[in-house]
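Shared between the two complexes below is chain A, which pairs with chain B and chain C, respectively.
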Partner chain A sequence: MTAYVLRRFVYAIFLLFIASLFVFYGLRVAPGDVTDYIRTVTSGQEFGETLREQLGLNEPLPAQYFVFVKNYLSGDPGNSIITGAPITEILKDSGVNTVKLGASAIIIVYLLAIPLGLFAAWRRNSPQDQTIRFLAVLGMGVPNFFLAILLIQLFAVKLGWFPVAGPGGLRHLVLPAVVLALESLAINIRLMRSSVLEEAAKDYMRTLRAKGLRQRRIMWAHALRNSLVPVVAFAGIVIPLILGYTLIVEVIFRFQGIGFQLVESIQNRDYALAQSLALLFTAVVIFSNFLADIGHQLLDPRVRERTVAR
Partner chain B sequence: MATRPADVHTGGAALAASGAEGRLRDAFVLLWANKVALLGLVLTILFLLIGMAGIVILLHPGLHHLWEDQNLRAVLVTPGSEGHLLGTDNFGRDLLWRIVAATGLSALMAVGVTAFVIVVGLVMGSVAGFFGGRADTGITGLIDLTWGFPLLLVAVIFAGMVGKGLNAVVAAAAVILWAGFARIIRAQVKTLREREFVEAARMLGTPAWKILVRHMWPNVLGTVLVMASYYVAITIIVEAGFSFIGLGVQPPTPSLGGIIAEGRNFWSVSIWPSVIPGATIALIVLGLNSLGDGLRDIFDPRLRRF
Partner chain C sequence: MEDGRTLQEQAGPPQREPPVSGEPLVVESLTTEIRRRRGSFAAVDNVSFSVRGSEILGLVGESGCGKTLTALSIMRLLPEAARITSGRVLLGGRDLRGLREADMRGIRGKDVAMVFQEPMTSLDPSFTIGMQLIETIRAHGAGTKREARDRSIEMLENVGIPRAATRLDDYPYQYSGGMRQRVMLALALLLEPAVLIADEPTTALDVTIQAQILDLILQLRDEHGMSVILITHDLGVVHEIADRVAVMYASEIVETATAGEIFRKPQHPYTQGLLRSLPELARRGTPLPVIEGRVPELGALPASCRFGPRCPNRITRCDDEHPTLERANGDRELRCFNPTEFELRLGH
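Showing the complex of A and B:
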């Protein structure tokens, strides 16, 4: 198991390296650099040249890459070219905000999806089951940014229960987290429901029943754990999905996380900031995928053996 | 399996009663018995028809006036009045035609991206699963590399590279989505390779490419159809979101996400300019997902993930 974790970790570092190359070169070959943007605000060809020299944009690209990585690792990626704010500050604040938002959404997803899925499977084809399934299908169809608008109008504008937008305390977190969670919640309810049903039809369940175990104990002690395996495995898809949607949800709620800042910096062509944010975002993605992977291993010994055998 | 949903059971009964032969005819009988999937099929056909009309009015310059013409005397008109079936937006442009045009754009983009993803995924997955060895290692490595990266993040970074617009989201979808599909096809081809009919074909000296194309691909056709309907849905949602945050299709070209974003500013006057395109997306995606679910139950219940 330790060897496996170590190998996945090394692979994660490798992925991060590839991603950093991609992010760096990708955003460097972009048409027009930041000096074009600043020059339209101020003026003059010469000014642009000096600025370009100052920012090191005339250096060869590999050299710029090394400077970028070195600065990043030493904790000083410079300042935002547009606002002049230190990038480290932006990274720290937005990173904390996004992790808060993403974690809340993930907690909402699993806290609700597992019991609801179990309940729906337990009462299969009852009106409650059908209601849950209908809502889940609806949750997968309604685009989350549209849902966000509806929820803002209802709960923020009409009822005034929550703030319309912005980062802040717990009350600011509720609407964006709910919007972010909804699609994954719907997916996971359906997954959990079918997984429990599949487990309940297996032969060992009949053996347990024949052995005289109470239905309640069979459900909680045996079926639940095994039916959680596909749900946990699917976290590898759900987590990137949620992180990806933070880009949209943060923009709608003007919630100053990594996604909001990244979209803003790309709109402004603030590449130094965009590169740092994109790299941080990728690191968060790679790290959470790594955690999901390890979680899956811990829960399902079959996967563990398979990878050891390979 | 006892856990199949009830609709498949009734489908099975219908199949037994009809005594139909032929894979596609079976599929149709099963689809007919599954009312939710049938509704999905109807919605999807409607979407494609409206999409085709939208492509025509988008591409034909003589028809641009339908969705372009402003009328500042009739802004934010409610649906069903003054010859505007769905009302107008804040420039007095007819919402019905704008939504038709936007649906055309969505359909063109999503179907194009999906076709690319399916072809690349099918070829890569087949090669990896069939030949194994070094080709497999290389392709699996490539799949793992793109696996787990959020489509939207890649699209936003691409927008930084090539500028705002549809190109960024199309490129991102093409780069990211093929991997998941290749992974599924690889697993299926690997299983098929052990089957007797493939063994027999190989004994007869059939060349590898012919085994793949003639004997294996018909067996993954179901998977292709199922996943294609999901990918079209995913691409439509992602493009709408991308245009909604202002990085995708730029105004005045109509896009479903863009119309919602514009309409949102005038919510206090009229909710319709954002509610109608929102509901349109929801219906399209619900249709595609239901169709995909139905096809999956018919062709390959093992694909059942949720």
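Showing the complex of A and C:
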């Protein structure tokens, strides 16, 4: 198991390196640069040229990449070109916000999807099951930007229960987290339900009933445990998906997280900041995949054993 | 344990009231119907038999003749589409059909237990063998965790699992097929049931392992004194260990007799055909005899004798009437208008 974790970790680092190349190059090939933005304020062709020289933007790309990596490894990614604020500060502040938002959404997804999926499968074809399935289809169909506007209109503007936008306390988190969670919640309910139904048809279920176990124990201990395997494996896709959506949701709710900052910095061609944010994003996605892989190992005794033996 | 009794005393045979009839399990006119698109069909049709104390009853027949559904009807573990429509299942004199589901749950695994055909898939892959044994004892309130664990180890040793105390913490995939079937037997016998139903317990196993499992069933019967219903399509298996045999054909029992009688003097033409087609009995160099024709479909059973179309002994009456199961000489029951004597010399 330790060897496996180590191997996955090295792989994650390698992925991060590849991603840094793409992030770096992708931003440089986008038309225009930061001086276009600054020039509109201060004006003057020469000024732009001096600025470009100062920022090292006239260096060849490999040299710029080298500086970029060196700065990161030394632990100082520099300052925002536009505001001059240290990037580490921005990453920390926006990172905390995004982690709060993402974690809330992920908790909502799994706290609801697992019991609801199991319950729907247990009471298959009952009105409760049909209601859950209908809501799941609805949840998958509604685009989240649209849902966001609906929820803001209803709960923030009309009812005034929650703030319209902005980061803040728990109440600020509710609407964006719900919007962020909904699609993944719907997908996971369906996944969990079908996974439970698949387990329920297996031979060992009959043994459990023949032993005289209660249906409740069969479902909540045996079916649950076995049905979780695909759900946990799928988390490696769901969690990055949720993080990706933070971009949209943070912009809509003007929630100052990584996504919000990233969109802003890309629009301003604030290379240093945009690179850092994009890289942080990638790192989080790679890390969540890493965790999902390990979770999968832990759940399945067969896989666990094989990785120990290796 | 609250009342101070040991596990053995609580779960073991001394506590069970002795069955009035002396027969732990009596099945009376059991009919189980399967709902299909075209209607309902009796997949178990008016089946009656009884199992005596410490007896191994072989329930024999081809695939689809209703053996397994008979067993699942007794356990009340039928699939959704199947339903018992009439008859009684008396376990120690108590009719299981009339029980509420909660009471039935208390009987499954405790008074009547079942072992299934597929040892590879019949255990939960995500739980250790120990957890699966212990939860069975706990579900019937028969001991503390500690006692349940000790009892599980003891039972694993009993079925021949070496280093049982260690192997308790292994997962099913760490056991071979034969070992898993031993575990299934341990699971079934944990609470010393009066009746064990073994549904094709050796079919999925290698021949050498088959013999071991059959020996184990015999040994466990001798030690624990439970009655066994051994469901199989394999007459060889029945010949090994059964005391009595009930032969099923197309949802009905066609012949019941002691194992000795069945193998020495089978009277129903179907039983005779089954025996003749045993490879062990065929003469070298001659084609293996077969029963001509096919088993009738559930929805298309003839109103006359169901074996009639394939029967070498058929007389006119067979085409007009449905024979009933009649008591013949001695311990034999027979469903046939025109039985013939048939001498079979067993090779061993």
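The rule we apply is simple: the second predicted complex is superposed on the first by the 301 of 310 C-alpha atoms of A that agree within 3 Å, B and C clash if a C-alpha of one lies under 4 Å from a C-alpha of the other, contacts with A are read in each partner's own complex, and residues count from 1 in each chain.
Following the convention adopted for this analysis, contacts are C-beta pairs under 8 Å (C-beta built on N, C-alpha and C of every residue); 3 or more make two chains touch, one makes a residue touch a chain.
As the structure is a prediction and not an experimental result, all values here were calculated from the model.
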item: Room on chain A for both chain B and chain C (clash or fit); value: fit
item: Partner chain in contact with A:A113 - chain B first, chain C second, else both or neither; value: neither
item: Partner chain in contact with A:L27 - chain B first, chain C second, else both or neither; value: first
item: Residue contacts with chain A in the superposition, chain B compared against chain C; value: B
item: Chain B versus chain C as contact partner of A:L241, first or second or both or neither; value: first
item: Partner chain(s) touched by A:L101 [first = chain B, second = chain C, both, neither]; value: neither
item: Angle at the Cα centre of chain A, taken between the Cα centres of chain B and chain C once the superposition is applied, in steps of 10 degrees; value: 80
item: Partner chain(s) touched by A:L175 [first = chain B, second = chain C, both, neither]; value: neither
item: Chain B versus chain C as contact partner of A:P143, first or second or both or neither; value: first
item: Partner chain in contact with A:I187 - chain B first, chain C second, else both or neither; value: first
item: Which superposed partner A:V263 touches (first chain B, second chain C, both, neither); value: first
item: Minimal inter-chain CA distance - chain C and chain B, angstrom; value: 8
item: Contact residues common to both interfaces of chain A (with chain B and with chain C); value: none
item: Chain A-facing residues of chain C, complex; value: 75, 77, 105-110, 113-114, 116, 118, 121-127, 135-136, 139-140, 171, 173-174, 184, 187
item: Touching residues (chain side chain A, partner chain C) in the complex; value: 202-204, 206-214, 217, 221-222, 225-226, 299-302, 305
item: Partner chain B, residues of chain A touching it in the complex; value: 15, 18, 22-23, 26-27, 29-31, 125, 137-138, 140-146, 149-150, 153, 187-188, 190-191, 194, 197-198, 200-201, 230, 234, 236-237, 240-241, 243-245, 247-248, 251-252, 262-263, 266-267, 269, 271, 274, 278, 281-282, 285-286, 289
item: Residues on chain B engaged by chain A in the complex (per definition of touch); value: 1-3, 6, 145, 148-153, 156-164, 237, 240-242, 244-247, 257, 260, 264, 267, 271, 274, 278, 281-283, 285-286, 289-290, 304-306
